[in-house]
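Quick heads-up: structures coming right below.
Two complexes follow with chain A in common, the first pairing it with chain B and the second with chain C.
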Partner chain A sequence: MEASLGSPVPTLPFPISRTSYAVERYFLFSAETITWLRREHHILGVLVGTLAQVPQQNVFLGLPLQLQPEEARLLVEQGLAFIVDDFQWHRKTYDEMTKEEKKAYKASLRQEGEALARASTQKSQKASEQAFRRRAQQQSQDGDRASRTDSYSTTEILDADNEEAGDSLFSPTTPETVSPLCPPSRTSLTHMTSYSVTPTSSYQLLPTPPTTSRLDLPTIKHSSYALFRHLHNENYFLSPGLRFGCQFLVYPGDPLRFHSHFLAMSADWDEEIDLLDLVGGGRLGTGVKKSWLIGGLSESENKDRGIGNPGVGEEVRTFCIEWGGM
Partner chain B sequence: MTTPPLSPSRPPSPPPDLDPTDETQDFRFLSLAPTTSTLPRRGEKDFEPHGTVSQSSTLAASRDAMHAALSYTRSQAPKHALVGVLELESGITRVERERGIHARTMGREKGGGWELLPEEALYLLERGGLEVRWRGGGPGEEGGGEDEGLPMSLQAAYAFLVGAQGLNVERYLVYAGLKRSGYVVLRGPAWYEGDEERHYGGPPAAIEEEKGWKRWWGMLFQGKEVGQSPPAMGPLVGKGFYRSHADIYRLLSIVPCHDPTTATKHENTSSASSQSNRALEDSGSPRLRPCFYVWKPSTPYKKSAPGAPDFRVAVLDARDSSFPTLQQLDDLLQSVPYNPPPASMERQPVQKLKHGYRNIILAIVDQGVVSYMRIADAGFCKEKLYDRLGRGTGSKRGGGRGRGRGRGRGR
Partner chain C sequence: MADTGAQTEAGASAFTTFIESQPGASGGVSHHHALALQVQYDLQYQHDWTAIKLHTHSGTSTSSGAGLLPRPLLSGLPAHHVYIHPDEQADILKQGLTEKDVSVEEEWVLPTHLRERWTLRRFAEVFDAIEEAPPEREAQRGPTERKSYQRTRKRGKRLLMAVVNDDSTIVYYIIHDGIVKPRQN
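Presenting the complex of A and B:
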């Protein structure tokens, strides 16, 4: 249905980056993988990085994507991903690189930088061409009387353009002698200095880590993972729920398009639940037109299984709490 | 399939109290926000999927827009390129020449260069303003200069910089979020756990002395008996001559209550502070300290003399720690300077209570989502409603009470 999306399937299993300073955190750095996961596997994660094209705001964020430990564990268990200790792996790879590999690494970055520089020059050329065209049109419309002041201001535009592009494309002579559609000269492109490029993911440059280097599964509270897994299996989208005072926000579809329906909290079967939490959660949920959901492994399942080994057939029970407007 | 609506119509403007970061935003609106001055409006969302082509194509367009935004490559034009080299052992990134406006508020100069802490380097790299190079110890490295080292990817920068010099993911996310909002952010005492942190001190001694004088003034003209304990036997309000209800209320207030202006006294001495430290350790909860000192963008900031910060932010992880205990909070609040409500709030008791006498901002991070909350040591015992009730009713002492009010010794 959504075949129009140009995101290919990543090579499976794909690596999940783990940083392990005191506590483990899981990250993804590939836009392709993220889009694919979102579309095919309902895994959202949280974008936490600065969007470099619009850096001074907090509404839209960019790569990397932080995965909840539940998400990371689910992906690993389904055989879609494996976990790599990013620090160890980078350190090892960088240390073991040969001179030739380093050269290739730099050359590939340089190539990308040159392509960007070319694109940027072309863009500014286009902009100046458009400025010329506008000028030319205006001049043909205006009478001779205004032409002197016009040509003066055109030269100004030219100067500004040249400063932007860094390279002189049109010699700043009188605009009447320059054809607005003059093709870009080749010399300006070959003299171009390369942009310095910072790639997002390391896998564009370095070999993907071997799948044999996989690490242990993320350790998560059993009840929390069971509830996450259950709701995810029911095709819900889940994201961290701190803003609404719960564990997970539960969406019926992609949060890009839909509002969440449930505020989910997990609990063990015998766990005592503070009545104030029930009241607070129920009121807050109802107040934002959502319903407060509490769930966990049912008693029999809980006793049969060893903790930390959630199986396929486990039964999760969920309850919804809403504030009744009697 | 119908063509997706490529240019979404502007939705109606949102109510002002909504935080646009609360919900996932539709990335199609990103293109409508080329400048930072106008934030994108919220898109209209649907309640649930109903399987129509229109809905799925709108969703596909949103996902495409998101994918396009995420696929952006960070690059710097050669003229303005900033290049730093990471020293792995120290976690410091050294830039040869400092350039750009960020040098005004970030890093520090050293030996003609510019040194960046891990979070500063990572933030600058992430926003596309810095290239960080890895200078491996391996053989075959061509000599210094511009070509030295391998440029790091964003992924490599996260791998190397998170974990360096006490930087963890939560701290970085809070730092970057504040920087994106335009604040000036410096490290606070939480980074240097062993050290005796810089203490900004309690209320200045001059104020204390003034209080002593006021106490006398209050006793003389308002009939207040400060610190008088209720009688051991008999009625609380004994026989006598009472000029106002306030005097009676005062005698009735027997529940002891925390006075934020005096709590610092025992904390200021080093023995007491180590005592509270021991008490905290006994209870098994770690000591909390402000992690960041934050200045508003509008505050004039000088790197050489930063002055007192506008906010102090402590960072907590929502998964691995619970909300601070009263003991932890008190210890944290005692470590920040005394900051009473300004005189302009004198007639606004609610504002005064909200402002409090010491305050701290808790940044709580849950898997990449940050929530901020402000904790203030509110002086409820200093805002007596019965004192306010008597004011302005044309009583004999009207004028005198106007001046005497809020001098803080009434109880």
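Presenting the complex of A and C:
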């Protein structure tokens, strides 16, 4: 982490894309912003992007990053971000786009595809040339061990073939059969076709949305947001807690380096808590070396700090529950 | 709990006799008081606690005078440690001591019934009404302690919540006031 301290800060405030069909979801599409947020602001989110061919994939997910509503709200309140209705913004911008702009964008995609195809062909040619050179060296060295050289060279050629097959997996041209005696023909460079590039996000095409298009803050249960902000202010990292039957998993540091400490639940000040939930949470938490944390916004009268300013005079009370072991 | 007295004719159970023997128990006790007595019985005979005391009034100086506690609380001296903070656990290991070298602390106990429903406000009221440690007993701590561990941390407010079920099962959960990291058992 420390090594990458010099990584760039995104232009602030950055847009958070909102989609709302059945539920409102908040997405980030820029890897740069995501890493910066994680490092500087303890905002984790959840990567939700799968490969198009493997839609049931559930590990090693990629962009985009889905933010919890609490995270989105915190970022907006801190002035780091603003929320944009993704669908409307795209429709509006596409409608306003001129023919020339569309043409230019398509051309740029084609150029990118050609450059990729060129790079890939060059790479595979270099690899097979190296393999042939190695084989030639080997043949001159092991001239006396004729029988073994034969078997060596066959595997070498197989290796070269494999490498090429791996590189040209996405290449539109079928790989030529390589005869063991002559190097591959160089004609492939001339009749080369371009890869078709499918952009994974539209931020090269669309301008950054203006901050004037900002939407309202996400509406979240008051106690839930208060607890989130309280724990976030205490420098904890929070991630969604469904796996442990709670609202948030609370980590003392980056989840890549630490186990979580708490299973957090929020409640209103007068919301009734079933003691069986408390017992179950406490028992589960202790079983996985965590503590069950319940918290919410205090409404007791002896609150003497500034009132009226949201978030300033609010006091969050938390209680941690562990099994007593007896 | 209301009909515990009915058993006396047909030979009182040990628990009934225990309740009858408590000061002020004759003539019926409140539900909360009876719950506390049931927990007290469990602590005394099942878990070998000593110096168990029933508290009905708050001892905190902050709350105006000695107000009535939200409900009766118990305090007592456990036979073994109920709670050692993880930092202290690590410290004890570093000093080559064991948990036996640490003096046992008195604990607060909050008697509850499983079918009650609690709120954050009520938990806060209980915690606001107690001190970190139960009121000091008469000094009767044995001088037997060998190489003892000096506690390094301020004890936070904590209590042991006793949850009673109808089948008289009692489970105990430690509740801390505020954010306290979990123990690494």
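Convention: the second predicted complex is superposed on the first by the 252 of 326 C-alpha atoms of A that agree within 3 Å, B and C clash if a C-alpha of one lies under 4 Å from a C-alpha of the other, contacts with A are read in each partner's own complex, and residues count from 1 in each chain.
In this text, a residue touches a chain if its C-beta (ideal position, glycine included) is under 8 Å from a C-beta of that chain, and two chains touch if they have at least 3 such contacts.
Quick caveat, the model's predicted, so the values are computed rather than measured.
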First (chain B), second (chain C), both or neither touched by A:252: both
First (chain B), second (chain C), both or neither touched by A:234: second
First (chain B), second (chain C), both or neither touched by A:296: second
Partner chain in contact with A:267 - chain B first, chain C second, else both or neither: second
Touched partner set for A:125, first chain B, second chain C, both or neither: neither
Touched partner set for A:318, first chain B, second chain C, both or neither: second
Partner chain in contact with A:285 - chain B first, chain C second, else both or neither: second
Partner chain(s) touched by A:46 [first = chain B, second = chain C, both, neither]: first
First, second, both or neither for A:99, with chain B first and chain C second: first
Chain A residues touched - chain C or chain B, whichever exceeds: B
Chain A residues contacted in one complex by chain B, in the other by chain C: 252, 261
Chain C residues touching chain A - in the complex, by the definition given at the top: 47, 82-83, 112-121, 123-124, 127-128, 160-161, 163, 171-185
Of chain A, residues touching chain C in the complex: 231, 234, 252, 261-262, 267-276, 278-279, 282, 285-286, 289-291, 293-296, 298-300, 317-326
Chain A - residues contacting chain B, complex: 1-2, 4-7, 17, 19-23, 25, 27, 29, 31, 34-35, 38-39, 44-60, 62-64, 66, 68-69, 86-87, 89-91, 94-99, 102, 105-106, 109, 112-113, 116-117, 120, 166, 193-205, 239-243, 252-259, 261
Of all residues in chain B, those that touch chain A in their complex: 1, 20-27, 30, 33-34, 36, 39-40, 45-49, 55-56, 58-60, 62-64, 66-67, 69-79, 81, 83, 123, 125-128, 131, 134, 136-141, 147, 150-156, 158-160, 162-163, 167-169, 173, 176-177, 180-182, 317-318, 320, 364, 366-369, 371
